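As structure tokens, here come the structures.
Two complexes come next, and they have one chain in common, chain A, joined by chain B in the first and chain C in the second.
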Partner chain A sequence: MEPSAFWHRIETLAAWLLALIWAAPLLYAFWAAFHPPHYAVHFSLTAPLTLANFVEAWQTAPFARYFLNTILYTTTTTALQFVLCTLAAYSFACYDWKGRDIAFALILIQLMVMPDQLLVVNYQTMTALKLVDSIPAISLPYIASAFGVFLLRQNFKQVPIALAEAARVEGAGPLTILMKVYVPLSKSVYLAYGLVSVSWHWNNFLWPLVITNSVTTRPITVGLSIFGSPENGVNFAIVSAGTLMSVAPLLVGFLLFQRQFVQSFMRAGIK
Partner chain B sequence: MNPKIARHVYGWLLFTPAAIFFILFTHYPIVRSCFLSLFSNSRGGRPPEFVGLENYHYLIDDPIFWQALKNNLIYAFGTIPVTICLAMLMAVWVNRQMAGRAFVRAAYFTPTILPMIAIANIWLFFYTPGIGLFDNILQYFGYPGRNWLGNPDTALACLMVIAVWKDAGFFMIFYLAALQGLPKDVIEAGRIEGAGRFYFFRRVTFPLLMPTTVFVVFNALINTFRIIDHIFILTKGGPDNATELLLYYLFQTAFEFWDTAYAAVLTVVIMTILMTLALAQFKVLERRTHYQ
Partner chain C sequence: MQIEVRSLQKNYGRVKAVRDVSFDVAEGQLRVILGPSGCGKTTVLRLIAGLEPVSAGSIRIAGVDVTLLPPDRRNISMVFQSYALFPHLSVRENIIFGLKVRKVPGPEIEKRLERVIELLGLGQRLDAKPGELSGGMQQRVALGRAIIAEKPVTLMDEPLSNLDAKLRNTMRREICALQRRLGISMVYVTHDQVEAMTMADRILLMREGRIVQDDVPESFYERPANVFVARFIGTPPMNILPLCNGGGGAALAPDGPVLYPGLDGSRFKLGIRPENLRLADEGHPAVVTGKEYLGSDTFIACAINGHEAIVRTRGMSDLAPGVPIHLTWDSKTLCLFDAHTEMRIEDAPEAEPLP
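Right after this comes the complex of A and B.
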């Protein structure tokens, strides 16, 4: 065997070893969730499989409601982000108005200081708006997203002006041009942004924790933190089952659409 | 309407919906935090009083703040270099042909899409004294177990391990993208010259990945002021403030101690750090473009 082939194999082996280490915590959670609690610390190939942990987790906490809340919060946020960021990006990319550059620079600030760090005042604002403990309150601070505006503006700028001009000559108004020319040509960016935004908000925790305080508004991450906290005394097998249930939609989605996920995150990061 | 004026009006109208929410939830809170930090809390129905920099004097004398700042620095400088090395390694490995590449890449990337709360739930069990995975391993080799999260010497490190595990796969994809974008002729030249794989990486690939590294470093730094969810499950800032990070301390001050004035001060501190970081990133990128 020539030396380079030898090293190639060593590298493959090392890559596999690291992959196993990386997958281990999740595989371990699967092990614990699908076996009786006793086997959480005792590995045995003959351990009986069971779904009892999932049943018990489902009955211990209102997971169905938490899921519903998360789905409502995540879809509302992403949908509103699409609308607001599309309009703003269109304005920045295609219109030359007074104060545009200053406005753009001001938006830039949100890439440094995000609503995550501004929770004190945002909580006061929500109190004043009488929105505390509601799903809109979780969404609203995120719907104007600097990241979204940047991403879409970048893309709109690459659309050939001739296409927009042709539509204008045919008598299309600004919104028609946006919907008929710019948006259809940016489908892949919307997919990327949508995937990133949905997984980001599905996983969001701190602001939802602060602004919600009842079962009817709490998203799954907050519900899971109450469910899994050590004071609760629920055993590990059941915590694992609850944890896996709550990540299942995202995990299944990721494993099915791995390529889209990876490309979306890449695209969103590089800008 | 005059078409020139119409363009201004349209531009503004399109931007207005987003502008309202930008102002309400980003710009107003920034200004308001600075303002609140100069006032006392309202007590017993008395309105807040202007106290000047008094809250900031309190900050300077607050040992927990300094501890949190120190922890933040340890957390950042302990995790980021390790995460970056692993991310590069993963990217280089996954970028070549090998058996089971799809599985390996999925294994690296999966922690990224899981919520930190779920991750903390799983890792909590690893760290459990006596029966946790780490104690099992120690006991197998004949060492006594230890209270990983209950000991101020190890608690922060426990959180850092989780951060590395979660982020390495995320940063891997940026390196992967950069590797796939490397100029083909450079790679070809290296092959013809017969450069060793490691030598080639050190002298050619690594410098070419520098812009990605700059991006990753600053993103990781910002993340330490954003992702603190695992603290809620694992340590709640303890033991002895050993895992107190700045944003967690801000949360506690605002929503456990309900000390709004001091929380505003901490918000201002975090904002200042974040803006300094952003400025630094800008300067670094600007300097790089000069000799590219």
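Right after this comes the complex of A and C.
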């Protein structure tokens, strides 16, 4: 056998193995959710299929409210990120002002700070703002996203200056130029960034756990954990059913728009 | 005057891109700014457009001092070198972009669009994106966007430099025809002297941020201000030959015929266009050094007293390198330049006819 063909096989094998390890928890969740609780720890091909776990999960916890909270939190966060990051990136990419480079360096530093490190400080800020246990409180720490500013700035910088100048000669003001030239030309970046942001915040756990403590604010990740915590007695079948329900919207969305997502990621240059 | 530029200066840090430039553009005139790369042509245009602030000087458009006004209040439209078409918008949206931004009413937009489409022959491709069009079509869309605004002044920065030679000729004629038809005052930047000579009502030749000559095209050809202009205009350029002292005056060779009796030859240079040199049985002696056959013409390179000169002859030539020849010319076509300053001598005496 040729050495290159050999290595190719090894690579393929490794890729499959990695994919399997990656998918294992999800596959297990599927198994546990669709079978009676008894089969959660014991594999049998003849096990009967059932939807009872989903019904029970839905009835045990206020899932509908959790979903609503997650949707509110995720959409407001992403929408506010779009607005704020667009404006900041526009200023960094197209305007020359005193201290611009220092400000941008600070933003880059923020990229390197793990959000978890700021948990306590953020909590103090929210207390000061009297926002503890509210949906805006979950969003606020994230809306000035360094990643978003950086990504959009890089993209805006690639837009030829002549386009902005042409628009300027035609009578467009700064905001019109932004909305009619820069934003439409960065559509694929917005799509890719939006996807990253939505999936990240949909799955966000630690900060929402700390800042929320009532049903009306808790996102689904937090709700799920309370309901699966040991003091309630862990029923893996029901936890799995709950988990599947919570990731279903993302999963379905991704499967439907897979091709567009991958393409826009390629175009946006995030790999 | 449609545009009046006075003592314009522009510095980028220590680089003096434009130093003291003044000129006028008359109403309906096609004014070409010509010059080698880096001489400041684009900078002058951008200053007129208001895309850059001036370092000193003033600009008036249609009698209004616009020096401090933003581009959209200067009553100008502009065509960029790269066309600057919006890639995400269709041809139609590109052309009417400015009208929509300025909130021109819908029916008025349609009326103007129809006219522009007819003028430029863009009918079939209105819904295409710029990326799907050929270079020539993109150029037309850029022109369309400039003329639909119906501004009295249009600025163009090397609009043809991205096109191939054949298309360039066609578009050159189209732009000229359009400019005449609409009576626009146009400032057209190019580094191509052929474009300048064929299109311009008046040319401004720049070098290193300064004006070298501001004149009508014929004068550039017949009465170049200095050696630089003489060499810049014309293909092949004007022959510049140093003079020396012959017997009793300035001559091309110490033993050759005297051209300017009583003149100190060492202080002057002689200029003569290749097409004004003729092969003859008698005249000034020279030796063939090479030739270039172009089909309709042949450029014969020859040495006059060791200095190279090009002679333009019709059709083929069977002269081989090393063959001695004789050249004649019409004395009226000679230019005399100062050997030191390289400026043309305005009141030069007419040269003696060749024996």
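One rule holds in what follows: the second predicted complex is superposed on the first by the 231 of 271 C-alpha atoms of A that agree within 3 Å, B and C clash if a C-alpha of one lies under 4 Å from a C-alpha of the other, contacts with A are read in each partner's own complex, and residues count from 1 in each chain.
Following the convention adopted for this analysis, contacts are C-beta pairs under 8 Å (C-beta built on N, C-alpha and C of every residue); 3 or more make two chains touch, one makes a residue touch a chain.
None of the values given here were measured: they were computed from a predicted structure.
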Which of chain B and chain C A:Val215 touches, first, second, both or neither: neither
Touched partner set for A:Ala23, first chain B, second chain C, both or neither: first
Which of chain B and chain C A:Ala172 touches, first, second, both or neither: second
Which of chain B and chain C A:Phe254 touches, first, second, both or neither: first
Partner chain(s) touched by A:Pro160 [first = chain B, second = chain C, both, neither]: second
Chain C versus chain B, contacts on chain A by residue: B
Chain C - residues contacting chain A, complex: 49, 51, 70-72, 76-78, 80-82, 84, 86-88, 97-98, 101-102, 145, 149
Footprint of chain A on chain B - complex, ascending: 7-8, 10-12, 14-15, 17-22, 24-30, 32-33, 36, 86, 89-90, 93-94, 96, 98-100, 102-126, 128, 131, 133, 136, 165, 168-170, 173-174, 176-177, 197, 215, 219, 222, 225-226, 228-229, 232-233, 247, 250-251, 254-255, 260, 263-264, 267, 270-271, 274-275, 277-278
Residues of chain A defined as touching chain B within the complex: 4, 7-8, 11-12, 14-16, 18-20, 22-23, 25-26, 28-29, 32, 40-41, 83-85, 87-88, 90-92, 95-98, 100, 103, 106-107, 109-125, 140-144, 146, 149, 174, 199, 202-203, 205-206, 209-210, 220-221, 224-225, 228-230, 236, 239-240, 242-243, 246-247, 250-251, 254-255, 258, 261-262, 265-266, 269-270
Footprint of chain C on chain A - complex, ascending: 160, 162-163, 165-172, 176, 180-181, 184-185, 187
